[in-house]
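In the two assemblies presented below, subunit A is common to both, partnered first by subunit B and then by subunit C.
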Partner chain A sequence: MQITFEKLGFTYQPGTPLAFTALKDVSFTIAEHSYTAIVGHTGSGKSTLIQHLNGLLKPTTGTVQIGEQVITSATSNKDLNKLRRKVGYVFQFPEAQLFEETVLKDIEFAPLNFGYSPKEARQIAIEQAQAVQLPTDVWEKSPFELSGGQMRRVAIAGILAMKPEVLVLDEPTAGLDPQGSREIMSLFQRLHQEQGLTIVLVTHNMNDVADYADHVVVLEKGTVVGDGQPREIFADPQWLTDHHLGLPQTTAFAYQLQQRGFVFTEGLPLTEKQLAHELAMMLKGGNNQ
Partner chain B sequence: MNKLLLGRYIHADSFVHKLDARAKLFLSFYFIVIIFLCNNWQTYTLLGILTLVSVVCSKIKLKFFWDGIRPLVWLIIFTVVLQLFFSSGGHVYWQWGIFRITSLGIENAIYIFCRFVLIVCMSTLLTLTTPPLQIADGMEALMKPLKKVKVPVDEIALMLSIALRFVPTLMDETTKIMNAQRSRGVNFEEGSLWHRAKMLVPLLIPLFVSSFNRAEDLAIAMEARGYRGGSHRTKYRQQVWHRNDTLVMMLFAVVTGLLIYLRK
Partner chain C sequence: MGKIIEVKDLTFHYPDQKEPLFDQLSLSIERGQWVAIIGHNGSGKSTLVRIIDGLLAPQAGTIFVDGMPVTPENIWQIREKIGMVFQNPDNQFVSADVEGDVAFGMENLGLDRDVMKYRVDQALRKVNMEDFKGHDPSRLSGGQKQRVAIAGVLTLRPDVIIFDEATSMLDPEGRQDIIKLMTKLHKKGYTLISITHNIDEAAMADRVCVIDDGKIAADSSPAEIFAQEKELIAMGLDVPYSERLKDELLHNGIEVPHEYLTEKGMVDWLCKLHSKN
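Showing the complex of A and B:
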């Protein structure tokens, strides 16, 4: 499903003294099957923006088109419910949404809400528990007995159980240890590659952006200030600093090399692989001074 | 919930806002006591004027006072109707079975109505002009004497301030969890009463869990910094008694004197 934002504006508590414009004149497109990262400083409107993706917020002005469905300020709540089935939304610290007695029961909550029979829902729950690599011995345990990383997997499985076409991730690795983060991120990468899920990732971690995303949107103060491929966005470190963003580790390293005289013909590399490749080429070719 | 606890305080630079929270708290309670001294139209008029003057001095729009009364409208109507139909004494205008309207009944109904409106206006004035934390501090100060009879005043005050402090946090959390469950296909707005009651479970359980976790974290954080309730604590927000506070107290004393003189 392609997602298009068209002159989207959103104001919290409009018409009151507390009115706050979180987004204004936001226009960009998320292609089907893409892996889009939305980055920006705290308070830049990222969370507000992605809440439009499954109708938790309705635009104050402008439109959001998701697949065939166009959402404006006048869209009814019933139509929004249909949308929620297609767009899975993994909140920040999603383990806060767990409530059932057992892990499997919690995972089958969404399918049951969307009208699957108990038998089908159980089948889906088992599939998803396997997909997020939850060991079978915790399936019948209370989700509150699990470790932080496992709780997060249960919560994510609970979202995947809706069989969404678009997966929205709001800082999915916040508070996890490095290994847990890597495992979760490669799970999403697998879903993206194997099932063609469109992924929208909100993150502060530029390494994740460099490693996984194929499209980056930079927000600042509620407007889009950058929209392009990671290589384009990360090509200008000064611009990133001006917008309070960092560089991926590899790119920062490459940038220092560049300042010492290395020339990267295809722009600054983003991943270790690219860097190694380019360095090897250069050393062989003897381009460096 | 928002209307009840939070959205109440309205910032303005007025005489009433600047009064000490202790004075305002004490006088609000005192007002409820003296209103029971009223028993004729002169006395009610006197307190009516007092209330009106206080309201005007607060520079807050009358609409907000109406918002304070509105939730209680049914209670007021119920009490007034009860007084109107079931009082006895005085001239009987109308009678039907056990219902009767008498001159005394009408009089009582009007007085009860006035009493309600005046009390609500005065208490609303307190919450509109005093930030919640100042009210908590004021309560603590006023409850001090109870320490003599072993009432855990510091602990009560601490509980009160913590509760007030966490209302916004809890509301954010509620919104977050509601959104998360909405994304999993829960519809909080539609469906039968039974369905909607059932849908509170996925909301309340996560809320309880996170509240307990938060409470535990807070307790650990306080103990780690050596918190002890009790007499040796100093305060960041100092309460200062001004001359105006004394003046207002004296005004109320004068009004009390007048009341006693005017009542039947």
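Showing the complex of A and C:
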């Protein structure tokens, strides 16, 4: 499903003395099957923006088109319900939403609510528990007995059980240890590659952007200030610093080398694999002369 | 200098778990030292510092803080020596303005109002937040909130400050900000214990302890710990960038030095190699 923001504006508590314009004149497109990262300083409007993707917020001005559906300030709440089945939304700390007695009961909650029979819902829950690689011995346990990383997987499986076409992720690795973070990020990568899910990732972690995203949108003070491929966005370290954004570790490292006379002909590399490869070419190339 | 914290033969067992979390664990920390404690989720890092602060009671073993055993009788004196900064600053605010919040910890000490005011101002200066006295803490950035939380701890004049994943919920700028502040506090002579997954934070410490499987699995300088890359990955930790890059260079047939290099050291080494060609 393609998603298009067209001159989107959003104001909290409009018409009151507390009115606060969080987004203005936001226009960009998220292609179907893309992996789009939305980055920006704290308070830049990232969370407000993605809450438009499943109708938690409606535009104050402008439109959001998601697949066939166009959402404006006049869209009825009933029409937004359709959207919620197509767009799965993984909030920050999604494990805070777990509530059922067992892992499988928690995962099948959404399919049961969407009218599947108990048997079908159980089937879906089992498929999704497998998709997020929850070991079978925890399926009948209380989700609250599991580790933080496993609880998060249960919550994600519950969202996947709605069979969304788009998965919106708001800081999905916050609070996990490095191993847990790597596992969750490769899970999304697999869903993206194998099931063609469109992924929208909100993150502060530029390494994740470099490793996984194929499209980056940079927000600042509620407007889009950058929109392109990761290599384009990360090509200008000074610009990123000016916008209070970090660089991926590799890009920051390569930038230091560039200032000491190394030449990267195709722009600054994004991952350590790319950097090591380019360095090897330069260093070995020299030996042959 | 002397030992500020001494843990001897600690055994701790959560009642609902089959295995003890710690089995005869020992650890001592010198006054003024900055110790990073790293380990995967569930390895017991937070439990250990809660035992040191007397928030949890061990089944066996003794803990001394500044020479005093941690016992129910001593607990209040012990807690005056130890300040804790937690992961989520939002869970720590109680007051409508920064000033009131920083003062809150002192309310129970029966201090004069003037003394309290003096300590609040002094603490806010130390964390560079003196311009935010009247601000609503909930409207500050993550890094600013943590600085306010640290100021609250400083008013109690602790000897030891424990940072329990205090940088993990901050954005990169906020994180750098707090690491800088920790460096400053370390220079002023506070004993710091950082529980962290963040390699930049651990790299600043004098000493890194790795907790795994209920034991201190490694205890050494950051440089020595970081040189053991494979072991770190196995424990669910992040590996310093220079070590990961060395690994990739090896794959590409480039000989790399064995010892741990900081990022700057790595840049220098690559430049030297480059200029020879």
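The definition used in the following text is that the second predicted complex is superposed on the first by the 283 of 289 C-alpha atoms of A that agree within 3 Å, B and C clash if a C-alpha of one lies under 4 Å from a C-alpha of the other, contacts with A are read in each partner's own complex, and residues count from 1 in each chain.
In the analysis below, a contact is a pair of C-beta atoms (placed from the backbone, for glycine too) under 8 Å apart; a residue touches a chain by one contact, two chains touch by 3 or more.
Quick caveat, the model's predicted, so the values are computed rather than measured.
More residues of subunit A are touched by C (comparison of subunit B with subunit C). Residue contacts after overlaying the shared chain place A:N113 against subunit B, while subunit C stays out of touching range. When the two complexes are overlaid on their common chain A, residue A:G196 makes contact with neither subunit B nor subunit C.
In the overlay built on the shared chain, the residue A:P14 is in contact with neither subunit B nor subunit C.
Once chain A of one complex is fitted onto chain A of the other, the partner contacts of A:N54 are limited to subunit B, with no touch recorded for subunit C.
Look at A:A280: by the touch rule set out above, it reaches subunit C but stays clear of subunit B.
When both complexes are overlaid on chain A, the residue A:G261 reaches subunit C alone and has no touch with subunit B. In the superposed model, A:A174 lies in contact with subunit C only, and not with subunit B. When both complexes are overlaid on chain A, the residue A:L98 reaches subunit B alone and has no touch with subunit C. No residue of subunit A contacts both subunit B in one complex and subunit C in the other.
On subunit B, the positions that touch subunit A within their shared complex are 173, 176-177, 179-187, 189, 201-202, 205-206, 209-210. Across the complex, subunit A meets subunit B through its residues 51, 54, 56, 77, 81, 84-85, 87-89, 91, 94, 96-99, 109-110, 113-114, 144, 158-159, 162. Residues of subunit A touching subunit C in their complex: 41-43, 147-149, 174-180, 204, 206, 244, 246, 249-250, 253, 256-257, 260-262, 272-273, 275-277, 279-280, 282-287, 289. The touching residues of subunit C, when paired with subunit A in their complex, are 40-42, 87, 141-142, 168-169, 171-174, 197, 236-238, 241, 244-245, 248-249, 251-254, 263, 266-267, 270-271, 273-274, 276-277.
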